[in-house]
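In the two assemblies presented below, chain A is common to both, partnered first by chain B and then by chain C.
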Partner chain A sequence: MNVAIQILSSGLTLGAIYALSTIGLSLVYGSLNMLNMAHGALLALGGYVCFYVMGVLGLPGLLGVPAAMLVCGLAGFVVYQLAARPMLASGGFETRIFIATIGIGAILGNVIQRSFGPQPVAQPLALHGALVLGEVYVPYQNLLILFVSVAMMAVVALLLGRTRVGRAIRATAQNRDAAQLMGIRIGRVYAQVLALSGALAALSGILISSLSGLLPNMGGDPMLKAFVICIVAGLGNVFGAVVAAFLLGLLEALIQYLLGVQYSFAILLLIVIAVLIWRPAGLFGRRQVVRL
Partner chain B sequence: MSAGRRDLLVCLLLAGAMALLPQLVGTRYVVTQSTLFFIWAVVVSQWNLVFGVAGIFSLAQMALFAVGAYATAMLGYYFAVPMVVAMPLAALVSVAVSLVVGLACLRLRGPYVALLTLAIAQVLYLVVVNDTDCFTNPPSGCMPFFGGVRGFSRFGDLGFRALLGSKWYVAHYYVGLGLLTLAMLFSIAIVRGPLGLAFQALRDNPGYARSRGVGQFKYQLWVFGLSAFFTGLAGAFYGVQFGVVGPIVFSLATLLFLLSMMVVGGLGTVWGPLLGAALLMLADEGMREVGDWRDIGLGVILVLFVVLLPRGLAGLRLRGVSKAKQS
Partner chain C sequence: MSALLTLERVSAGYGHQQVIRDLSLALGEGQLAALIGPNGHGKTTLLRTISGLLHPSGGTIALEGRRLDRLRPDQIVEAGIIHVPQGDLLFPEMTVLENLRMGAYLPEAAREEARRLEEVFALFPKLRDRQGQLAGTLSGGERRMVGIGRGLMAGGRLLMLDEPSLGLAPIVIDQIYEAIATLRASGRSVLIVEENAMRIAELADVLHLLDNGSFAWSGSGAELLSRPESLAAYLGA
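On to the complex of A and B.
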């Protein structure tokens, strides 16, 4: 029984962390057909800004989180201005923006490393204490991560489904040209989505770094896993991505318990490849009808 | 003169000119850096076949390079296979791995392929780094099966160190040059031949290509298999050149460096990637002075090119040609 609670607890924590990194990515792909390879660097940037505000300036956490979200939102906007906007009109957008964001991610990661140094530091914003279930300790921080990831998903779902902005985003996602003809300012939608995903990345980065510690390249691993999750769920499906994140988190915790930590990601990936061969558009992805 | 013949001529002329370099500039640094350039140029020329010519956005090329390097090192380290035999064998191992990657990506499109191949590369890296159980216990310390974080060293070389003494690096220069010449001839033959046509057809209009009987299954496996051979061989030669094979060959920075070469030079063209490789090696050399800013500089170059000049430097000339044809 205790083992089951332990696996469930660590699986849900892993799943929540994955979900946190996945939501922003999935949002951007779903509405802009753009894979943001700079997302990992944005996660790190968010974590470091919060660290700077709280640890170096000594301000309370209630200021650190919004500051991080603001800076990363601005960074997302800069990505739009510098890379996405000049490319929107011309062909090959998907491939080119992918390459461009790899470059931006590398620049950002190196800037962070130069500013804060390569050695790991602890994230000052963390809850202490734990909930005791049977003989298992579940830290409050893990519960907070779980709660925030679900809340974030709900906010994004509400935003996309219930607001005018969300409708514009969805229209752009369905058909960019038609949306533009209906009077939607495509550029503004892109800027909004990228800024929003940047702000979400900041929040995710703070929470992830509260468990793993801050490193300039801390975003790389969560981002790669987030991509794997996006693929499994079907790129661009925010709700599916969160479900897949929790499924894969639980699965990984189970594999770690049964076979050991070192092979968990490799086995996870084999499962993913099998899923992709079975359903190329992902578990929750709608099959796309391609007109030739 | 047909395009194929012109490329052939250019290739042989360039190879001839490069063959003179060690005679003219004797500095060891220049010669070894040129050898490194040959290695990277081989990789980008083959990567270009997959990414540029066939339009499959695979990021597995550096992993295949690493497979070639590791296979060579392991053959030499565990079985004492002479390097001359181990290198082609390692290249064949790369081909086998590449075929598996190609199979896994067969039904995916565009960015899905990029992500899956990146994830595969990451898994290979993790398998190498996370494996800490000792496979053998040489005097130098515990040695995991895949070499662990430390990697392999002292697995043999091509024999030039014994033959030529301190001048061995000149021999390696010529091996690298020969490798690049062969790889370029190989990629010219493919791009200008029927296989290249099929790849380009599948890239430009998959539906039409398939309806004319150009099967995606067959040709995707062809391009993955063919492009892996020289990539693996380049990896093998990299191992022999430096005498060390470690997990650093998987690093994202190298991947970024080579990707930038292709983007700067011009994807899908015969000579673009080679030009990009030369330019970026020079740029990297120039930025050596400023140390840590190199990676940032490389990132800036990559972003600038992909945003402002997506078809690379070779695209400039193509644009000129098509304008001339229109008028």
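On to the complex of A and C.
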């Protein structure tokens, strides 16, 4: 029983973090067919902006989080304007933007390292203490992460399902030409999606760093897992990505408990390969291109 | 009669391949004009150029004198040109109702949404029962009705239909033609692409035969019906 609570607690926390960092990636792929390799750098940027606002400027966390989301949202917008937009006009977009965003990610990582140094720093936004359930300690930080992630996912779901902007995003993801023929300005949709994805990356980066600290390359591992989750769910399938993120989070917690941390990623990848052999389009992917 | 849509010496294509060559066209208010002609001769390309999905490499396109040929597709929709594309291009993960409502996405159309939805259901009663079904799971005939209905939700000044009867069973084609006749009777301006020249000739005010990127023949339905043999070579009749 205690073991189960322990695994559930850390599994759901991992899942929440993965889900949040995956949603943005999945949205961007779903609407633009763009694999954003700068996503990891945006996670780190978000973490560091929050650190800067709270730790250096000494402002409260309620300012640090929105500031980080704003900065990363703007960064996403700039990625659209400077890289994606000019490349969309001509052929070979998917390959070219893939390579371009690797470059953007590297530059961003460098800027962060030069500004804040290569050594790890602690994220000041952290709750201390724990909830005691029988003999198990569930840190408040884990509960906070779970709560923030789920709340954010609800916001995104409402945005996509209930608002005009969300309808435009879904329409663009499902059929680009048809969306334009409805009067949707798809260039604006793309910019909005990249900005939203940046803001989500910031939040996710803050949560990750509140557990494991800040490092300039801290986004690499979560981004890799986010890609894995995207592929398991079916690329571009946002809701599937959330489910897959929690499944993989729980699975990882279980493997860590049974076999130890060092095996978790390798086994995760094995499972992913098995899933893809079984269902090449992903767990929730349709046979054709997967859509929102 | 003043022209609603005017094309002057329009050229368009893909990369170096020119598909539309020096094509001119005037479509009057309230007219039903048909584009006929063999496969692959640029009918769809012409409609995509008018709606801004493709940019013309030369010439001008105007709606009531207002130049459209440098505008984005969303601006052209806003100006009043509604394009129901070949192959429907529905939003597969949305329901029938959501698809129809997407047609009324622009604010001006959104104000008329409830009224137009009733009109669409009156035209295609079957859609009323299918409102909640995902578009990706519809039959070909139902998909076509949603595609046309979605276009009608937008209102607009000119409706462009690209092969609305393509690939449908005869009985469904009859239903689609009935709808087109209703639209025509209501005074809508329509530009329709149709492979079946003889059938559309009964409804159209004017037909244009597109051959190799420009018009090889233009005339009324009566003219085409009275001497189809002169066009038989093109139409394969």
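Keep this in mind: the second predicted complex is superposed on the first by the 288 of 292 C-alpha atoms of A that agree within 3 Å, B and C clash if a C-alpha of one lies under 4 Å from a C-alpha of the other, contacts with A are read in each partner's own complex, and residues count from 1 in each chain.
Note that contacts are C-beta pairs under 8 Å (C-beta built on N, C-alpha and C of every residue); 3 or more make two chains touch, one makes a residue touch a chain.
Worth saying up front: this structure is predicted, and the values here are computed from it rather than measured.
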Touching partner for A:Arg185 - first (chain B), second (chain C), both, neither: second
Superposed model, chain A: greater residue contact from chain B or chain C: B
Partner chain in contact with A:Ser90 - chain B first, chain C second, else both or neither: first
Contacts of A:Tyr257 with chain B and chain C, given as first, second, both or neither: neither
Which of chain B and chain C A:Phe77 touches, first, second, both or neither: neither
Touching partner for A:Phe284 - first (chain B), second (chain C), both, neither: neither
Touching partner for A:Asp177 - first (chain B), second (chain C), both, neither: second
Which of chain B and chain C A:Phe239 touches, first, second, both or neither: neither
Common interface positions of chain A, toward chain B and toward chain C: 292
Sites on chain C touched by chain A in the complex: 51-53, 72-74, 77-78, 82-83, 85, 89-94, 98, 102-103, 105-106, 109, 150, 154
Sites on chain A touched by chain C in the complex: 164, 167-168, 170-171, 174-175, 177-178, 180-187, 291-292
Residues on chain A engaged by chain B in the complex (per definition of touch): 35, 82-83, 86-87, 90, 92, 94-96, 98-100, 102-107, 110-111, 114, 220, 224, 227-228, 230-231, 235, 262-263, 265-266, 269, 272-273, 276-277, 280, 290, 292
Parts of chain B lying in touch with chain A, wherever the complex brings them together: 57, 104, 106-108, 110-112, 114-116, 118-120, 122-123, 126-127, 130-132, 205-208, 252-253, 256, 259-260, 263, 292, 295-296, 298-303, 306-308, 310
